[in-house]
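Per-chain numbering from 1; labels A, B and C assigned in written order.
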Amino acid sequence: MKQFTSVNDVQNIDELLKTALEIKANPYAQQEIGKNKTIGLIFFNPSLRTRLSSIKAAYNLGANTWVLNAGSDSWTLEMGDGTVMDGDTQEHINEAIRVMSAYCDVLGVRTFPKLVDRDEDYQEIMFNKVKSLSSVPVVSLESATLHPLQSFADLITIAEKINYNPAAKPEKKIKVVMTWAPHPRRLPQAVPNSFAEWFSKVDWVDFTIVQPKGFELDSKFTEGATIAYDQDEALKDADFVYAKNWSSYENYGQANEGDKDWQVTMEKMNLTNNGKFMHCLPVRRNVVVSDEVLDSDVSIVIDEATNRIFSAQTVFHEILKNKIK
Amino acid sequence: MKQFTSVNDVQNIDELLKTALEIKANPYAQQEIGKNKTIGLIFFNPSLRTRLSSIKAAYNLGANTWVLNAGSDSWTLEMGDGTVMDGDTQEHINEAIRVMSAYCDVLGVRTFPKLVDRDEDYQEIMFNKVKSLSSVPVVSLESATLHPLQSFADLITIAEKINYNPAAKPEKKIKVVMTWAPHPRRLPQAVPNSFAEWFSKVDWVDFTIVQPKGFELDSKFTEGATIAYDQDEALKDADFVYAKNWSSYENYGQANEGDKDWQVTMEKMNLTNNGKFMHCLPVRRNVVVSDEVLDSDVSIVIDEATNRIFSAQTVFHEILKNKIK
Amino acid sequence: MKQFTSVNDVQNIDELLKTALEIKANPYAQQEIGKNKTIGLIFFNPSLRTRLSSIKAAYNLGANTWVLNAGSDSWTLEMGDGTVMDGDTQEHINEAIRVMSAYCDVLGVRTFPKLVDRDEDYQEIMFNKVKSLSSVPVVSLESATLHPLQSFADLITIAEKINYNPAAKPEKKIKVVMTWAPHPRRLPQAVPNSFAEWFSKVDWVDFTIVQPKGFELDSKFTEGATIAYDQDEALKDADFVYAKNWSSYENYGQANEGDKDWQVTMEKMNLTNNGKFMHCLPVRRNVVVSDEVLDSDVSIVIDEATNRIFSAQTVFHEILKNKIK
């Protein structure tokens, strides 16, 4: 693996999943791969799960890490080409990324969308700058439009829950439903875009996305998914319910309507095939999902968060395995 | 040891002290115990000694660490049960602690009192939430009402200064006096509560607490201690003088009167039995204690701070020793 | 090496350079030296290169690190002697440094000038306090007036570019020109002072400093250098052009005139002997230097930044090599 910025960097999802399950079963067995390797982690906005799970993943692999909170820890970055830098910005991203990538063997980067101009966000300007400037492989710790480490952790979680056997895939397809859910703020589409992009490609999954009209994701990520608008209908027979709020792609940058009826309650979970409840966290309790669901055995959100370690560790492993020093 | 949140988690203080002295004498000899172990450190307010000494302790033990400054590094936490989270809080502590404990083998947590409502602080609501939610052993890095790593470091320091021999305890009891001292701000009672709780239990110590009327600590921590109100009288024959400000437990949340006569000066140290001056730091010079005392050989405050390494290392050692991976 | 605070702590520059080139050629071969060693890094102002390169250097050497952002991570420090600390400052530097040095084996410290009172800055009050209080060797991560790790990295970079052979020094001296350049803000003289102090001592370098009248550096750092005022004239035949803005030492604390004609352009680089462009970074593009220069092969600024790893690693190596535990 040369980089990890979307599912398109994965040659074979099933193979990667198999490796992840092996690594989780024996997490300290690959430390020759991480030896003397440094994984640099740059955050352009706050993080809890991604920061800590990436650090833990690196340690498990025998590697070390550094973390930079861009902004508070370092200089104000200039993004524009050709700028006469006589204002507030102190360092150009051209130098910053080339320098930071000189100080590590893998560069993890989190960027974010401004949620104002769709084209600007969907062009992934900052993330693509980082990719083009870095002298070492880049791993997305979430970008403006994608969050592949989360989606991979979600896949590992589903595989565990169905006792996935790489040698004998499920006879009957597993029904996974991603449902839009209400939220008081405008949120990025990175998590649902990425989940859609991954699960549309898993051949043992029957994948449905359900959302209110006007909240459809960018169709380039949802090819192969069933697109639905009736939440109750979509949840029927679901094995896994993946809830997430996202703001409208169509009416980009506008406030959510926030239809509270889309909250995932136990009543709705009862429509499923003893389905499990999933969410990437952080989650707004009693807005996105009821306490009753989240505090029951139906919820597997902590499993997902735990698998962030093994999602990151597997990716670092695949990138570093050909570079043993 | 299953957790370390107060002296009550210690089965045998003398045994723990013996282990600490052995570890300090040979600090890199137990690295099999920390191998592949991660110690997570969460700070809900600033720290210097606790942060750095815990990191150093983990390294000495062969373990690795991560540090999270709750707030600046991550999301705004919701504490209330049943809250409809449609406001400013972004993640519920229920998820946050369960997730963070999934990313480590020991979870160190610092919380703090608000010093407004005594019941709220003394119920240790936040800290107890953390304990109940964590899937791994919890170590107090100071809570609203206790700071046991500090007290243990103080005990190690006194033991060193009297050439403590675990096989032959002191023939004559060592007189330890904890004295209230002035301070411009309202401070927690965590350090003095904890010191009282520990030193009331050490059978080779004669322990006195001296404070102005109205500044008595919660009696549940001071059982067995001599309670005095005349500072000069109490300091007579003291082998160790432990100075600390604390705000009133009785008149909780009200401003200190700040009687400046209680400052520890060389004149007062001269009343002791060549006593040593102790303080947990940070200390307000010429308010709590005079420069003259702090800059003389009488002061052992740097020894106490240094022993914070070995207090933490011993606790991590005891918790991890049965979990060698 | 007992400390690293200026070139005067270096016994033999050529020997140190030779060691650095050996370490760079084989960066993981000295890990016995760093084993169980902790390098503490204290920053009193932001840092990118210094922070990350020092961490990487420590890892390469098998050592571990901690980083403290003084201020945000810890307490407000009191600097004054004899102060009655009943105001805002919470901890005296006397305790803070003695404690922090107890938690590491080498203490790296970054301080900064206020650029108001020249005497105050040039007395290096804060840095000298740290040196006098630390119980372990101190390494400058930039002080008010010097930045020796940067200068040493610059020397390593020049040595690489000329294929420096320790056994056979260059027959013809290498012409190095440090030129003042414009900048919108008042900047410290630490980098140019230090560069001058180092390169005046390298016997195979012909060293010129060129600046506008009134921008001469403190003469105690420039002894042996050619002092020039005509930039075009000075650049003739230069093998290396080291650009840097600094505010006036003579008119200390006053605004720069900011003569834009001093910007380093390709036209000016064409006056040199196929000279290379150097800058310590961060650099203001199209103010200090044109995009055209920085984006061409003429620029070796990323090499300099990369060599910050090996400059720090060599210094840590020299300090720790006699302390193998």
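One rule holds for everything that comes next: contacts are C-beta pairs under 8 Å (C-beta built on N, C-alpha and C of every residue); 3 or more make two chains touch, one makes a residue touch a chain.
Per UniProt, the chains are A, B, C = N-succinylornithine carbamoyltransferase.
Just so it is clear, the structure is predicted and the values come from calculations on it, not from any experiment.
Contact topology of the protein chains: fully connected, every pair of chains touching. Looking at which positions face the partner, chain A and chain C present mostly different ones, since fewer than half of the interface numbers are shared. Chain A and chain C, compared by their mean Cα positions, are separated by 40 Å. Shared interface positions of chain A, i.e. residues touching 2 or more other chains, are given as 72. Of all residues in chain C, only 36, 38, 40, 64, 66, 68, 72-75, 78, 81-87, 90-92, 94-96, 98-100, 102-104, 325 touch chain B in the complex they form. For chain A in complex with chain B, the touching residues are 28, 46-49, 51-53, 55-56, 59-60, 69, 72, 184, 281-287, 291, 294-295, 301-302, 305-306, 309.
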